Structure formats: structure tokens, C-alpha cells
Amino acid sequence: MVPMHKAQDPHFVERVRASFARQPAMALIGASMPVVEAGYTEIHLPHKPDITQQHGYIHGGVVGMIADSAAGYAAMTVVPANASVLTVEYKLNLLAPAEGELLIAEGSVVRYGRTLIVTRAEVLAVNHGRKTACALMQQTIIAVHGRKEQPGQRSAS
Amino acid sequence: MVPMHKAQDPHFVERVRASFARQPAMALIGASMPVVEAGYTEIHLPHKPDITQQHGYIHGGVVGMIADSAAGYAAMTVVPANASVLTVEYKLNLLAPAEGELLIAEGSVVRYGRTLIVTRAEVLAVNHGRKTACALMQQTIIAVHGRKEQPGQRSAS
Amino acid sequence: MVPMHKAQDPHFVERVRASFARQPAMALIGASMPVVEAGYTEIHLPHKPDITQQHGYIHGGVVGMIADSAAGYAAMTVVPANASVLTVEYKLNLLAPAEGELLIAEGSVVRYGRTLIVTRAEVLAVNHGRKTACALMQQTIIAVHGRKEQPGQRSAS
Amino acid sequence: MVPMHKAQDPHFVERVRASFARQPAMALIGASMPVVEAGYTEIHLPHKPDITQQHGYIHGGVVGMIADSAAGYAAMTVVPANASVLTVEYKLNLLAPAEGELLIAEGSVVRYGRTLIVTRAEVLAVNHGRKTACALMQQTIIAVHGRKEQPGQRSAS
């Protein structure tokens, strides 16, 4: 059901990457955003001990963080250059432990309205090179028009 | 509607605290759990620059992390000593930016069944000494009986 | 945490009641709305065979219907007279079978912003005169300003 | 991400259809279930005045009812013959008014575990022969083993 999306801002890739780069919390956990397309982003997160819970898997809360951000940034790719985006709410199912060497959060836009954007994210755990879905999220984003995100301004989550 | 809860394990405080202490991700963000009661916990998180987003507020994903954990540990207070708990899913509304010097996530048990436990959490931002609600969560937890959490075992999220 | 709410429209009770009366689906299931206060409504639904599932309890989908509507109308009590409200999304936990002679859905406003309103609802089953919680919902509502609801216009869900 | 599913009960179609037929609430709104496959069902609902809200669209609560049921029955297709299923919770986004002559709720299994089943549903409105997505749902189902659904027993929602 996910339709193709068009970006209204030809420079959406730079805009989204710059926003991601201004988030110290993403640097703290070691997340990167190697893929940014119209209506779609990926956040990658390599396993490291300080983001785990007691079994050694990546913490469920950290899984939620990258799901929320990947989908929020997917929404940001489709808004005009002078708009910013905020997470209204999300619902996350944890499907399996986040076991493996790398997590990939795939965020995508489901439906884009002027004010509200519905997105989803799937988080895949790559374990010895094999992908398994470990979380599934459905999210609502609000676009705030005429309030371009600046260094020092709030955006997706 | 939240009824009073009784702990089945007289040593639930120690058990829950020990589990929390085994989560490197909670140490990474600087979270502590000063309050543990039957059916209720609080996670406190002081503001620090490396857990923020671009406006300087605590990152929405980090708000979700402590909401998920506070409610998951509230569930853990009511299960027997030989059971562990896992987050099935949660839904979080972000009500306001997490602005201030301290976040307090209050997790509580709404309904306790043998297999499933429904919980909620509210996250309060303390800004210049004044509390404001910044997030509201509703969560489902599963109790896994006969599988006591060990050092090196998985628990709430 | 639910603060007191003030209605901006002194005639909110009549406005909300008139909207409810224009919903054939509420009549079909036999629902009424005996309580309308600022930030709060109650929908009552007596048991009748044609709204049940196979065990004879009221159908879970019908429980969701009255939870959604009670909370949506709670939101409608706090918007200005020239605004209408729409359900953006909701999340519902079914806590117990809807067993008994009457269901009461209590909808209340948690946080009111100009555009978005966060609400919750609890559905109580009255069984031989005794109340038990059977569902818990958290919901997001959008207020559409300058578009007063008319006979023949869309509102809460 | 939706994998192919196998039914454990060779008679799942008859079992699921018989359960649906025992739900008076589905008859009340005029819903049918013409498609039942392993891991997938469709509920169809023609427009009729008594299931509408004040704009003449099908009521949002009724949209939720068929989304919940389609996904719950998708879960029922994959459990063993001696198991029944219950809705734990669901989260529904309303994407657009349910405008048109027919609604189709497509329910599918996302992940199947022994105890918990994660499903999703999409509701499409057919308006002058053209399909538009009007709702998106993510749901958690619990399988209760050794408790076969009987005439007079509770099942999906």
C-alpha cells in the first residue's frame, strides 16, 4: 500500500542529513543514517556493549529510538523546505530480541497530508549476516509549516 | 482505576534493582531508579548534553526508553521471583518537549494477569522546579514463568 | 494527572449532544451519552444479543467503538464552537471480556493543544451491579478550526 | 516483510468461517468474510445508512471493528485446531473518511509465535470503483491453546 513519494524540497537529502547530524543522542548510541530517499530512510546501529541490556542484546528502548527517528526522518523528506516535523505518537511491537552485529531501522511514509503524516518502521537485526525483523512500528508525525529547522531547533522526536 | 498491587516476591525490590543495574544502556544515558514499590517504579534522568536533540531538549527516543523501562519494571515488581518480564509492545504520545533539568518516568501496573500485564507510564519534565507532563504511554508486558532473570538474561525491554 | 478543563464554548453540552444524536451507528448499537462535562463524557451501552460475539459478551469491536467515541466527544467539549474534531488514531487494550448488563465508556481529555488533543478512555463492564475495567484506550484527536460541525458534517470518528 | 504462512489445521477455513458466523455483531453491521487464506482474511462491508456518522460516511468505530476482526481472524487461520485467539490490543490510524460504496478490511499475520501473534490490517474504501486506504492497524493477538472455540465461546475480539 505504500505509494511512491515525491520530495517537495529538491535539497531534502542535505536538509535531513544536517538535522540528523545535530542530534547528540544519535551520536551517543552510535547510529548513522546512510540511506535517505523521498519517503524513506534507514538508520544503522552497530552492536556495542554500552547500548545493551542484561542479556547482551541491544536495549529495547534503543530499538525504539532508531525506529522513531528513521520514520520521523522519512516524514521530513516529504515536507517543504520551510517546514519542520515532530513526533505526535508511535506504537511499537517488539517481535524478537535485537540479537546480532547490526540493527537496520527502515522508516517509510504511509500517507502524507499537509498537517499529519503517517509512517511506519521496521527494525531488522542482522545476525551473522542474516536479517530478522525485531520490531514493527506505526507512527503519527505533525508537520509544522513556516518553521524551518535551524541549528538549535527541534525536529523529528 | 489503578488498583493497589501486592508483590508475590518479598524480595522484589532487590530483584528489580539488580536487573536495572545490569543494563548498560541505562548507565549510558545516566538513568537511575530511585523508587521501587509494588506495582510502581520511577526512573530519573538528569539533563546532559549528549542525550539531547538539536534544540537542546532530551531526545524523544530517550524519553521513550525511560517510559518503556519504568513501566516494564513496574510489571516486574508484581511477578513471582522465578518469572521474568518482556515488553510486548507500547504506544507513546509525546505531549510536550522534554525541557528542563530532570525527567521523571512514573511506571505503574494497570492490570495484572498471569501471562499479560498492562501498564502505563507518564514522563514528567522538571523545569526550574516545575513539573509538566511530556509523554504518556500505554504498554503490554508478558510474564515468562519459570525463567528467573539471571545476570546475562533478558528482562523488561 | 488529568487537569481540570474549561470549555471555550458555553453551549458545548448542546453542541456535543446534537452531534451524538446525528450518528446512526450509535443508535444502531443502542448507545446513549448521559454525561457531558468539560473534558469528560460517558457513553452507556446496555447489553443486547445483536451486539455480541459468540460467547454472548459484547463484541470487542463495539467496545472499541464506544471508547473511541467517548474520548472523541470529550475532546469536542473543549474546542471552540466553530471547530470540529476528528480521530487521528487510538490504541486500545482489551483487559477482560465485556461481560455484564451494561458498559460505561468514560472518555477524558489528558492534554489540550490548539491542533492536537490527547485523550483516554476506560470502558467498565457492570456485571450484576459490579464494575470491572474491560478496556483502556489512549487516543489522539485533531481539532479543525473554522469548520463548525453541521447536520451532515463529519466529527469525532 | 510479511512472510508466507502455513496453517497447522487443514480445516482452518471452515473453523474460521464458523466462528465468524457465530458473531451477531458482524451480522448487525452487515459484514461478510469472503476471503480466508492461511495468514490472511478479508472482511467486506457495504455502505448502509445505519452504520454511518453524521456526514454519511461509515462510522470510524465500525471501521475499527472490521479491522480488528479481519486481523484477529487472520491470526486464527494459523493456530492449531484446539486453540482459540483473543485480541490483546490494537492501534488504529484513521487515514481518510470511509467514503464509498464498500469497505474492505485486509487482515494479515506479520509474525507468529506460539503465544503471541502480531498482525496488521488495512481498510480500503471503494468509492465509485476506486480503492483508497482509509485506516491502518497494528495488533497483538494471544493464542489460548487447548481451548477450542465452541458455539458459545469467545474468540478474536
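By letter and in written order, the chains are A, B, C and D; residue numbering begins at 1 in each of them.
One rule holds in what follows: contacts are C-beta pairs under 8 Å (C-beta built on N, C-alpha and C of every residue); 3 or more make two chains touch, one makes a residue touch a chain.
On a predicted model such as this, the values are computed, not experimentally measured, just so you know.
S.K.: What are the chains that chain A and chain B both touch?
M.R.: Output, common partners of chain A and chain B: C, D.
S.K.: Report which interface contains more C-beta contacts, comparing A-D against B-D.
M.R.: Looking at contacts between chains, A-D has the larger number.
S.K.: So how far apart, in whole Å, are chain C and chain D when each is placed at the average of its C-alpha atoms?
M.R.: Once rounded, the distance between the two centres reads 22 Å.
S.K.: Round to the nearest whole Å and give the separation of the Cα centres of chain A and chain D.
M.R.: Going by mean C-alpha positions, chain A sits 29 Å from chain D.
S.K.: Roughly how many whole angstrom separate the Cα centroids of chain B and chain D?
M.R.: 33
S.K.: Would you please write down the residue numbers of chain C that are in contact with two or more other chains?
M.R.: Chain C, residues with two or more chain partners: 88-89, 91, 93, 140.
S.K.: Which residues of chain D touch chain B in their complex?
M.R.: 88-89, 91, 115-116, 140, 142
S.K.: Under the stated contact criterion, what part of chain B meets chain C in this complex?
M.R.: 1, 91, 93, 95-96, 110-111, 118, 120, 122, 133, 136, 138, 140
S.K.: Quick one: in the complex, what on chain C touches chain D?
M.R.: 19, 22-29, 49-62, 64-66, 68-69, 86-94, 97, 149, 151-155, 157
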